[in-house]
C-alpha cells in the first residue's frame, strides 16, 4: 500500500540509494488525495512542518509521481494538477523574484502550502485524540438497568353547572312527560267563544265591557289568554255578520260591545266598527 | 480525558465540603464492583462478579463493604434473589414518581346521577334509579366517587340499610356554588328554558341541602364502610353545615 | 492532591465532625439527586433536577458536591452537553468489555471529516474538502449523519447556498464532552491559528460552535431539506447555547 521510501536528502527513492531491490512500490491508493501524499512525504523530512523544505518536498512529490507514471499507474487528475503546480512553484522558488511581483510571491505560496499541510496534520492529530477519548457505550457505560419514573395519573374531571342542570332538567322532565301524559290544553275554540258571545249579546242591550264579561265567565285564570283571543276573533265575526257592534276608544283600551240595534239591520253592508 | 479528569478534580477541591475520607484509601475492587453493578442491565450474582474481579479479591467482603457504604445513600446496593443490584432507596419512592393530571369528561350517565344526588340528597342508589328509570352501573358511581364530588354520607333506615349519597365541598367548588342552595330551583329552571313550562302542577324540584347532619331516616356509616369504599373520599369534618 | 486532602482532613478535625462516621450529616438533597440521577439512563439537566428537589436546595452546589464525592469512584457524575448523568469511570473500560456492543468502526476519512466538522463548525462540504485536499464522498457524510453525531444546521449565505454542518448533543455524549470547548487540543489549535480556513493563518481564530442559533452567514435550512435529508437527526430545540 504505502511502501514508498524516499530519501529526504536526495529526493530520490531510498530503494535506489540502497541498491538492494530495485523495485519502488508506488501506490496512490493508500492516500486520501495529493495533500495526504504530500503530508506523508513531508513527515519523512522528520522536521517540524513549519520548518519543512517545500523545495525538497516538491522534488519528492514529483519523483513519486514520475515513478507512478513510469509503471503506468493510473493517477487521478488531482495528483497531476498538484504535480504541475509544484513544478511551477519549484521553478519560481529557484528563480530570483521578479522585480514587480503581481500576486503572491513564491515564498508566500510555499508558506501557504506548508500551512495547509500543518493544518491537515493538526486536524488529524485532533481526530486521533478525539477518537482516543473514552467513548460512550464502548468504554464508559450508562445505567444498565434504569428505573423508570412511575407516572401517577390524576384524572381531573370536567363538568359545568350547565351540564349538570341540563342533565337534571332533561331527565326529570323526560320521566314526568313519559308517565304523565300531557294534560289536554284547555283552549277555547272559536265556536265555543262564538256560542258564549251569542249568549252574551242577548243580555247586552247597551254598551258593555267585553273584558268584564269574560272575566266573570272565565273560571280558571290560566285560561284568560285563550278566552280573550278566541272571543275577540268570534266578536269580529259577529260584527261582520251585523249582529254586534264593538267600540274601543284607543289601542289596548277596554273593548265595549252591544247588540246591534234593530233599525240598522238593513244597512248590513256597512257594519259599524268604530274606533275613535 | 486526562484534562477533563483534572478539571473535575479541581472542581472537587473547590467544593470539597466534607466529602468522604481520602479517596486513595478506598479499595479498588469497590470501584470495579460499583461500575459493574451500575452498568449491568440485570442483577448479577456473586460468582459472575468474582469472575470479573482481579484475583485475590474477596468479593463477598467487598460486596458487604459496598452495601454498607451505600446503605444511607439515595441508592442502595440490594440483593434480589441472590443477585446484586443497585436500587434507589425505598424511602425515595415518592421521588421516582411523576404525577400528572389528565382531564376527563364525565359520561352523560354520570352527570345525570350527579345531578340527582345534588338535588335529592341524601339519596340512595335505588332512589336515583327510580328517578332516572334506569339501573345505575357500579362504574358510574365509582367514577363519581373518584371525582370527589359525592360521598356516601350514611345509611337509610330502611330494610337493607342502603347507602345514602350526598355532595361534597369539592362539588361546590367545582361548580362555583357558594352553597348547595344556590342550585337553581323550579322556577329558575323554567325561566332558563331548561324545564318545560308545561310541566304538570304536581312537578316539583326539591330544595337541595347538603347539611352534614344526618337526617332522621339516616344512620351513620358503619365502621367497615371506610374499607369497603376505598374510593370514597373521606367526609371533610370541617365542612360547615349549610342550610 | 494528597496534601490538599490532608489539609481538608485537618479542617474537618477542627470541627470534630467526621462525615464518614456520621452518615446522617450528609445533606438529604444529595440522596435525592443521586437517586434521580442513578435511576435514569438519560442525562438530566439542572432545571429538571431542580424541579424535583425541595424548595431552597441549591442544586448547582449539590451537584458539585455529588460530583466531587463520586469523582474517585467506579461510577462518576459527569456533565454531558449541559446535562448530568452517572457513567462508569473511563479508566475502567477494560472491565466493561461487552460482547454485544460493537461500536461501528469509522473509516479514516469519516473520522477526519467528523473532526473537521467538530473543530470548524459550522462548516460546508467545500471547506471540509479544502482542508483535506480531496473530494468528500457522499457515503462518508451519510455514514456520519447516520451516527447522529453531525447534522446539517443551515445554509451558508454564499452562491449555491451550501449546507453547513455541525455536531449534535449525541456527539458530545459519545465523546463525554461537556461542551465543544472541551474538544481535545482545541486550545492548541486555536493558538496556532490553524483553525482558520483562510490561508495563511490569519488574525481571527474562529471558535467552533454548535450553538443552535445560526451564524450571521448562515440561513436556516429550507423546508424541503427535511425531506431531502431524512438521515439528518432533528436539531434539539432545547439545546442551550454554548460559547
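In this document, chain identifiers A, B and C correspond to the written order of the chains, with residue numbering beginning at 1 in each.
The criterion applied here is as follows: a contact is a pair of C-beta atoms (placed from the backbone, for glycine too) under 8 Å apart; a residue touches a chain by one contact, two chains touch by 3 or more.
These figures come from a predicted structure and were not determined experimentally.
Of all chains shown, A has the CA centroid lying nearest to the centroid of every protein CA atom.
Comparing the centres of all chains, each the average of its CA atoms, the largest separation from subunit C belongs to B.
Averaged C-alpha coordinates put the centre of subunit B at 39 Å from the centre of subunit C. Centre-to-centre spacing of subunit A and subunit C amounts to 31 Å, using the average Cα coordinate of each chain.
For the pair subunit A and subunit B, the distance between mean C-alpha positions equals 36 Å.
Shared interface positions of subunit C, i.e. residues touching 2 or more other chains, are given as 38-39, 86, 88-90, 92, 96, 176, 184. Residue positions 133-134, 141-143, 147, 149 of subunit A are each in touch with at least two other chains.
By the touch criterion given at the top, residues 1, 35, 38-43, 85-88, 96-106, 108, 111-112, 114-116, 118-119, 131-133, 143, 146-147, 149, 174-177, 183-184, 189, 192, 194-196, 198-200, 202-203, 205 of subunit B touch subunit A in their complex. By the touch criterion stated above, subunit B contacts subunit C in their complex at residues 1, 3-5, 8-9, 11-24, 26, 30-36, 38-39, 52, 71-75, 86, 88-89, 92, 95-96. Across the interface of their complex, subunit B is touched by residues 133-134, 141-145, 147, 149-161, 163-173, 175-178, 180, 182-183 of subunit A. Residue ranges of subunit A in contact with subunit C, taken from their complex: 32-36, 78, 108, 111-112, 115-116, 118-120, 122-127, 129-131, 133-143, 146-147, 149.
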